[in-house]
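The structure that follows is given in the form of structure tokens.
Residue numbering begins at 1 within each chain, and the chains themselves are lettered A, B, C, D and E in the order written.
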């Protein structure tokens, strides 16, 4: 099923936050190279939605899916957005914001030039309505976890209040928001699941089939399972934008079909998997239209330390890391569409020790370690995996013979992507290969190896190391960020040595585009999530 | 008077046909009140055309169809709708020879198995004894011992019918029901089988029910004859009575219909029946034969005639049984 | 006619009920169930407490029997429940998918009938000839093809290499987008129909009444027109019906491959998302289609074959 | 002597088997005069049906005409073009088949199937043809023909269907009617009716009949002359009464004597039937010489090696037996 | 009956389809059996990423896959999985179908109604859809696959068995057996079953081809057997993304499936003719 690269790796917020830290290493491809040209008005862009064979819903509050946000970016807008050019959060629906001294009350001056597609101007009431709707406890909207930040939101969710007490309309274009923690609310309110919707359209009861938002394109048609077609919204608040007359988002979950279609010039953008990445890079024409972005998820094999005896021995775990030629897999199988992982934290993390080298490929050493650990003839384990192309079965298949060479027999157990987390939380695995979010908060990331963190939270390996715990406790106590990072660096290095996982790689997302497409953004949060008002096509586009 | 080997008393076999949704369920009275008896060593000829119910009657006698009404008594064993037959006991008393020698033998069983399996099933486990009885029986029906391990397709039709007869007789039954035993055979083979059946009858003291539409065969082998029409016996009597002095117009029509140049003038053309047998689903009112009967009168459409006696042992169900001749 | 229709319709209901029961039971043991449908890739985005409350509200904690009874009652009124994934009524989701599905299925069947029946006929009229051999070799090959491999090859050849047709998708719903998936889906039934037709026509050509027709002094062409066609049709139509009816279910693979927005692809996606109400709805749709087509075939029988009317 | 209507001379029909070709029919000759009824009698597999088909020009693979001549009204027709043969079929020579059940198109109303004849051979339009079909049905004494023409075959009884077949065959007043076992599938009483009807209609129209049957009695009853076939050859041919009264060939004798005849038992008491030993040979195993020799009671050395020539009989007939004449 | 009516029907290459089909199937079966000897490398362990995605050559006759494994060897070994899926699932189908069909046809009555209802139900739910549901419940794997395919397409053998029994039931030898006192089960297994095996074998043969195709389809949908051990369906399914870049990855498993299924279909056809009592090949 999900044979694509970039199978959604985390929930919206975390995914986006991850990018704060690594925005710097985003590789900007040709997409921005011709940005200097004058954008042409008109034309049609045909984007692809590669993650599933349908959209979940066009009601952005209902769906947490990356797939749906591709369309969401065109139709709806949220309070904040992710500025891909500056790689930071910025206000979208507000012109300015002021923060109270205690850092808990934010006063927004909302845009007075933002129109819904039905022609009505957005006001503070719409924000209040949208956030209140998200807190409807009987619906379980995924955005609720973000809105809970606002004071009184939980009461609405529980049904004990009708209104969120922390939201106050000062006037039509002024909104006061009181939050419960000292954090930047931008991280919470820039995703589709907290988009601002017009009350009167939602009240009609068929919002999902007739979505009306503040985005640069207005909804025209949705053929379920096939495509969404949108037209330019002339009253969009950014002057001169959007450039395109029409935007089509075509659903194409089959990588092979997408490949054929892209080569056949039926689509303008396509997500590439490793196989195509190589082919496209090698092709003189196709190679001109490749946009690459580094991602910050650590792909690894979680070793369940409580499952079988060999895994309890550090030397065995190290042996696994020595036995696997990760670089070879990355270059030959993943086709360099990834960066080698050293330890748990990514290189972009402040707590990453840049002097550290990844485990080298050394089967002799692995054999030696195994022998020392008392397993000279190796052992056997069950390796749970999904079918994911980049961090699933193909990798496992490539690793199996490598492990076999040092005497370790791995038996893959195939499960669906959808149940991976459930398995991890239950500990129903001996080893499991997956992709984990490892940023930006290094402390939060490393806490997954803290002995008191329950398995259901994220201690999937069942790691229990007193020294590590001590380091983490110290880090939590430390107020000085630099010192804290130093402590965490030690913790991360300790993880490297303890090797509760096989450290594999961090992903690189690749978007192919046709030569007539301009203004694509190397969005590090999700490469398919383009702010379509910035995109334009030149006259060579074959699309009508 | 010897005790009856087989006695049918008011036997009726009805079927429900049709669909409750499509035109409703109807009752097909395939056999409708048949009273008959067969004494040991006797051959009863049962004559009738297709659709008269003789095959249903045969199946009921064999215990393969439960009676709707009435009883079947076989050698003291009573079968009725409420008392199902004891198959094993029945098997040793009454057996059957089938019409189609091609369909009546299991193509995947050798002659030996066909004959030996029933013996074993009925408790004869001694290998030598089984073997002797199989070979004896084969000899009796005119098969050579070396043919025992052949499969049915290696035999001609006549030989297959011999195997069929052997199978029917292997358990030494007292009554054998022969359902058109020669009609599927080549003409030149029929005499062999008829002769064989008669020989075996004398040899083993068998009683037969000989079902046939061929009156020549029935006359040749029967002691008594019963004529069936639409589920009922319409005439019954000694063979000579039936063929020389038939009292039911249907019997007469059957005889008249025989294409035999020597027989041409024996029964006048006006004895012939018109049309065809009616459906048992929807029998004509009164005497079932009335639409085809050359003697039809008003009474025939009004009531079913009594099965009255013409002479001792000779009965006919016709209003004009005394007039016909 | 009405009687047959009535009887068939009366048969549909218990079958549907049995399908509902089967599907319901089957998926009540499926691991993951409700929660996975609400999540993205197994990661919970919903507060467990909220989830529990929703489970209760949706009646998912009720005893199976009770849920089943409710589901049947709702289904009877045309309510197939709310999708776990999209929160939309399943009927509405199906409504969006049924037209593309029907289009694909009808196009595939048209292809299968036109090509398959014609080939079968020509083959039977000249048994042993070159066309017969070619048609039968083609037919048996068609039956041995893996649907998605064949689809991929079609895509590769006609879209990528020859650039005659679009490779995938529904497009504007026009014919150009329909051709490749219809062929990929229709090739199996086509092959089967070619074989069945050939056998049926040969059967009829060997029938006694055809000999009667010949003995009347009829030309072969007349024999075929007056006596063979209709009789062969009766034999072919059963296969047409069965194939046609099951085509919507068979379309799963083709729909996935060509990104065709039909009921089949919705079902597969929903299976993976553990979106039970939608899966159930899709299966019911597929079964209903089968039953309806078979009812139509039965009615066609009544028109073509006088014997049926009196059975 | 006038030209016979049909003359078959030295007919040979080949059956192509797996790599071998057999002579299914060999050296068959006979003549039928205008308006004459001629019978061809034999057991299954003797080649009588394919002889009839070859007269119709309806042999299909693996059967083929391998030699001899078929002369209709002085004109050789065994090699005429397909189109010309079609014009003859139905118009000059018509055929009735054994199974009235399957010989009619189940999906076409019987009226139409009759009317086709008028459309095909007399250029009538369908309305006219349907009217005449109704007349034709009336002629074969189908009750209420105006309703019956719309009926489908399955709505008719076996006898009625065979009447329809007769109506089709006689529709264009053919010179010759080939009737292949027309009553085998029917009950005896119905058979008598159909035979009477056929004889009557043919006599009225002056149509000659080639009657094929396994029932010597039936043929002898209806036909003026009879030929008996055995294993692909005609063994004897005579005037009907004579062949019954004085059969010459041992096979014919055996056929007549081996079957119990009605009234025989009453006259002479039960006699053991005369058996013809052995079995009918299969086409692949025809014996050399006289093909009846393995079963013949009078067999001598010459019979096993030499094919007997046709010997003329005193009263217009031939026999093929070494022991005659 | 006259000779003309018994004439054999001409069949297109009845004999040759038996031989060609049998030959193809024999090749598939022998590669499955002889895999350890005729495979060049281990299908799972002999992966060498340095050799990844090489086109066919003398060293790798069918090329190598993304993990650098020899495709020829994987196809040879894959025959084991694909054929066992076909064979085992068909055995299941046949057992279920024959048992139900035999008893339903023989006993009739309410049991027949139940079985007919079940059969119609199974026919109404396309087997692929049904198999998909079962795979979703059991999870991917060989055992689940065999179960999913073995439980979902018995309706054909059931129908055939039932129809055959119904036509045999009135045959003299079945009635004779009853009259001789045979019990129902004894009749079913000694008298009926041996005589209906022919068409059932044909159905099972054709069904095997169907199961192999279904395995491929389920693999495509992500619910097949997934490795390490290769099956043709999973090889094909994995290779589909490389259709434009490394076509040999999908061509060879595709051809393996095609020729094996073709062989099974031809064999089924040939057997149908061979086992048909009306067929010339067995007459006389």
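Following the convention adopted for this analysis, a residue touches a chain if its C-beta (ideal position, glycine included) is under 8 Å from a C-beta of that chain, and two chains touch if they have at least 3 such contacts.
Computed from a predicted structure; not experimentally measured.
Visitor: Counting one step per pair of touching chains, how few steps separate chain B from chain E?
Guide: When the steps are counted carefully, the minimum from chain B to chain E is 1.
Visitor: Just to be sure I understand: going only through chains that touch, what's the smallest number of steps from chain C to chain E?
Guide: Each step joins two touching chains, and the minimum needed here is 1.
Visitor: Given the two chain pairs A-E and B-D, which is bridged by the higher number of C-beta pairs in contact?
Guide: By number of C-beta pairs in contact, B-D is the larger.
Visitor: With chain centres defined as C-alpha means, what is the inter-centre distance between chain B and chain D in Å?
Guide: Taking the average C-alpha coordinate of chain B and of chain D, the gap between them is 32 Å.
Visitor: When the centre of a chain is set as the mean of its C-alpha atoms, what distance in Å lies between chain C and chain D?
Guide: Result: the chain centres lie 52 Å from each other.
Visitor: On a C-alpha centroid basis, what's the spacing between chain A and chain C, in Å?
Guide: 38
Visitor: For chain D, what residues touch not just one other chain but two or more?
Guide: 44
Visitor: Quick check: what residues of chain E touch more than one other chain, meaning two or more?
Guide: As it turns out, chain E has residues touching two or more other chains at 5, 10, 221-222, 240, 243-244.
Visitor: Give me the residues of chain A that touch two or more other chains.
Guide: Where chain A meets two or more other chains at a single residue, that happens at 1, 254, 256, 260, 263, 416.
Visitor: Mind listing the chain A positions that touch chain E in their complex?
Guide: The contact residues of chain A facing chain E are 1-3, 254-256, 259-260, 263, 273, 275-276, 278-279, 325, 328-329, 331-333, 387, 389, 393-394, 396-398, 400-401, 404, 411-412, 414-416.
Visitor: Tell me, which parts of chain B touch chain D in their complex?
Guide: Touch residues, chain B against chain D: 49-50, 156-159, 186-192, 194-195, 198, 213, 215-217, 219-221, 239-240, 243-244, 253-264, 266, 272-277, 292.
Visitor: Enumerate the contact residues on chain C facing chain E in the complex.
Guide: 14-15, 18-19, 22-23, 26-27, 29-31, 127-128, 132-133, 136, 140-141, 143-149, 152, 156, 160, 202, 206, 208, 242, 245-246, 248-250, 252-253, 256-257, 267-268, 271-272, 279, 283, 286-287, 290-291
Visitor: Which stretch or stretches of chain E touch chain A in the complex?
Guide: Of all residues in chain E, those touching chain A are 42, 44-50, 52, 66-68, 139-141, 221-222, 226-228, 238, 240-246.
Visitor: List the residues on chain D that touch chain C in their complex, please.
Guide: It comes out as residues 56, 58, 83, 85-91, 94-95, 97, 99, 102-109, 116-117, 120-121, 152, 154-155, 165, 168.
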